[in-house]
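Two complexes are shown next, each including chain A; its partner changes from chain B in the first to chain C in the second.
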Partner chain A sequence: MKTPKISIRDLKLWYGESEALHGINVEFVENQVTALIGPSGCGKSTLLRCLNRMNDRISGCRIEGEVLIDGDDIYAPEVDVVQLRTHVGMVFQKPNPFPKSIYENVAYAPRIHGLAEKSSEMDELVETALRRASIWDEVKDKLNSPGTSLSGGQQQRLCIARTIAVQPNVILMDEPCSALDPIATAKIEELIDELKGEFTIIMVTHSMQQAARISDQTAFFYMGDLIEFGETGKIFTQPEKQQTEDYITGRFG
Partner chain B sequence: MNHTIKRFDEELDKLKELVLTMGGLVERAIGNAVQSMLEQDEALAKRTIEQDDEINDLEIECDEMIRDILVRRQPAAGDLRLILGIIKVVTDLERMGDLAAGISKAMLTSQENPPKNFSNLDIMGEKVQKQVKRTLNALSRGDTNLSMKVIDKDQGIDKLYKRMYREMLTYMLEDPREISSSIIVSNVAKSLERISDHATNISEMVVYITRGHDIRHVEHDAAEKMLSGDDG
Partner chain C sequence: MSLQINANMKRRYAAEKRFKAYAITALALAGAFLIFFFTDMISKGLPALQQAEILVDVHYNDTSMKSYKKAVDKPYRSIVSRGYLRTLPLYMEDHPELMGTDQSQWVITTGDVDQYLKGKPNRLKKRHQKQIDQLLSEGKVQLAFNVGFFTNGDSKMPELAGIKSAVIGSIYVLLLTIAFALPIGVMTAVYLEEFAPDNRLTQVIEVNINNLAAIPSILFGLLGLAIFINFFGAPRSSALAGGLTLALMTLPIIIITTRASLKAVPDSIREAAFGLGASRWQTTWHHVLPLAMPGILTGSIIGLAQAMGETAPLLIVGMMAYVPDAPGSILDAATVLPAQIYTWAGESIRAYEERTAAAILVLLSVLLSLNGLAVYLRKQFERRW
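What follows is the complex of A and B.
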């Protein structure tokens, strides 16, 4: 077993009075893709958002327990949330490029974080990020065009390039393909497979086939509980819990 | 619990029904084949051979249904294991049907010098039919205890075959005129022994379908332990 990159211990989360996560314990392994699955409202996106403290901004949201990344509690008082989010990047359901050029979409965050001093360094950083996101060849001749001029699938890969430009080590993805057509989806899935060599990827997906196709580990959530977590092949052929079986075979009420 | 998509339930029910129908035909074919040999009933032998076509047609029908379910439903977990298991069960059943038809064919070709001494072929036939009935019941009910019984009892069938084979060898050595008929009886016993092997394969698949454990090529005790481990 590889070392855990992320350890979640007794994590509880409330939105006001309502408890959305009931004490989650799980470890996500480095350089693997973990899929979080479960019906709407099961807590999978909530958990994902805990991993880079996206829930902090929601009023009435309260958290108990620990989220450790590389052994450090990301909810410790001294943690700088902005820095945390450079280490733990996020890709959203709908591609959301900035209303700027393709180049600027990628260069924006590295510039703020001072990752490139000279413009040649920035050019290189942008190219590297776009290449790693498998979109360089499609955009290299139009880097000054607006990011929003790209197709949905290209925009999503641009957002992935933007995320990896600040050199995170964890990438969170919240249904990254749900707004994309099958070909664009396949490209993103192929990209995820390539990226896992360098990043730890946690992905929420509503598509069980997608979870089965690309994840190494699968976590099934239901009503704020982690029902079952394990190797994807095992979960999809021989799950241990009846609730998991019912969900992945399409028997949920 | 039923699938949200009701049609999927109907398809799985239909597939199970087809497999069990096929199993029923195979069971009958084995009984008829043995009877045709023991009673030297030419008409029954011919009928048994003809009826193998029905079994073959059902194999194809099952395979087509499985293909459609795979394409349309992308089954997972227990559904996936059921489909994978049935793919193999159907192949075993088809072979069992062929072996039964083979016994009847042997009966017809041996008419010039029909065997008279069938040794324990009647007992072996009964035992093998019981094996087939048990394995089909196990499949229909998802009864792994019954599956394990089938697997366990296969050893007895193997022993019975070996005993009959030795006996036939003795007759051949004693009287060369007995050679052709002894070979026929020995071949029929071999076919029955193989039918029991296929019944065992089906029982192994029942365990896989029902519990998710692959107990093929696993010692009986180790398999029992695997299954009991689930309960603890």
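What follows is the complex of A and C.
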């Protein structure tokens, strides 16, 4: 067993009065793809957003328990949220490039974090990030055109490039392919497979085929509880719980 | 069954046609009023762009210096503008080389001569009318472009009255309003929308800001009087007091439109920036504000245009004073265009009527160009995301 990158211990979360997560205990392994599956409203996106404290923005959201990344509790009072998010990047459901040039989209975060001093360094950084997101060849001749002019799948890969330009060690993906067509989805999946050598990837997905295709571990959530967690192959072939089986065989959800 | 539906269809189409006719009538009525208003204003205001002048010999000498009336020959004394003659001694002091000469030149006439030439009601005496008719046939009287309307301040003699001091006052007031209301308004809105928690206090503040936008403007005048003049001691009638008062009045409008434009920026942009480790301030400054800019500018310009046409609060802080000289600083007594219009509209001398209309035309064109600028900026900055 590899070392756990992220350990979640007895995590409870409330939106106002309603409890959305009822004490989650789980460990995510380094440099693997973990898929979070489950029906809508089961808390998988909520859990994902706990990992870079995106839930902090929601008023009335309260958390109990621990989330350890590399052994450090990210909810400890001395933790700087801004700094945390440079280690834990995020790709969203709907591609959301900034309405700026393709170059600026990638260069923005390195610039605010001071990762490149000279413009030649920045050019290099942008190129590396775009190459690693396998979009360099498609955009290298139009780096100054707006990021929003790209197709949906290209936009999503641009968003991934933007995220890896900060050199995080964890990347959270919230249904990254749900707004894309099958061809664009295949490209993103291929990309995720390449990226997992360097990053720990946690991905929420609605598509069970997708989870089966690209993830190493799968966690099944239902009504704010973690029902089952384990090797993807095992979850999809011999699930231990009846609920898991019902869900993956399409009996509900 | 289908027969019944057919009959119903007929009724429905008739109702639709009627409804369309109502809408078109309403539109036509509004258009007719607008056209009527503009033709009336333009036909009344355009004559003010011309001013009667008369060709006379002006005597530059010591006698005229002592008694300015004697600068022109007796028969002309009651048809040449007294206001013009009054300026002669000073003019002679500045131009000593003219002393002892007689210059044949075009000088402006009294308002009555001007109105007589334009065929408007006037109090010109019969013999003077004959004299003007005579001079007209000799080509010694003419209507020339009224430069003075744009280069003079207010005057108690209509032929000399111009809008310069009011225009400069308006510019001062507008600049002060922008300088105070825009940064304070935008920053308030940014704080409320992007930083403040959503609790009872911010809700109370929000309701109050919305209420402030609906308060009669004259109350802002009273507030300005109490705070800026009585408490802080800003000079009465000054552009400073007026600008600050109008800034108070414009603030709620700017805050409301800015908040609306900030709200319209999709949350995905904020999430993208936060997700990359941008701080709240960086997210707002680098991404949200630039996207909200067109809306903020449009709203602010419309708010400022409204402030520019405002009279009531300025009456209270004393800005409808008679101000013949253009203000040299924001602390001098000043007046603004709408207040100037108000003052002229109340004058009993008929020659002011066309000047009132002309000043309204100037104010309207300024306001229209401001609104045009707002539309242009919105088109210019509009982007999709």
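As a working rule, the second predicted complex is superposed on the first by the 252 of 253 C-alpha atoms of A that agree within 3 Å, B and C clash if a C-alpha of one lies under 4 Å from a C-alpha of the other, contacts with A are read in each partner's own complex, and residues count from 1 in each chain.
The working rule: a residue touches a chain if its C-beta (ideal position, glycine included) is under 8 Å from a C-beta of that chain, and two chains touch if they have at least 3 such contacts.
Here the structure is a predicted model, which is why all the values come from computation and not from measurement.
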item: Chain B versus chain C as contact partner of A:H113, first or second or both or neither; value: second
item: First (chain B), second (chain C), both or neither touched by A:R162; value: second
item: Partner chain(s) touched by A:A212 [first = chain B, second = chain C, both, neither]; value: first
item: Touched partner set for A:S40, first chain B, second chain C, both or neither; value: neither
item: Of chain B and chain C, the chain that contacts the larger number of chain A residues; value: C
item: Chain B versus chain C as contact partner of A:S18, first or second or both or neither; value: neither
item: Partner chain in contact with A:M90 - chain B first, chain C second, else both or neither; value: second
item: Chain A-touching residues of chain C, taken from the complex the two chains share; value: 197-198, 266, 268-279, 282, 286-287, 291, 383-385
item: Chain B contact footprint on chain A (complex, rising order); value: 208-209, 212, 235-239, 244-246, 248-253
item: Contact footprint of chain A on chain B as seen in their complex; value: 1-5, 8, 73-81, 212
item: Complex contacts: residues of chain A adjacent to chain C; value: 52, 54, 57, 59, 82-86, 89-92, 94, 96-99, 108-109, 112-113, 148, 159, 162-163, 166
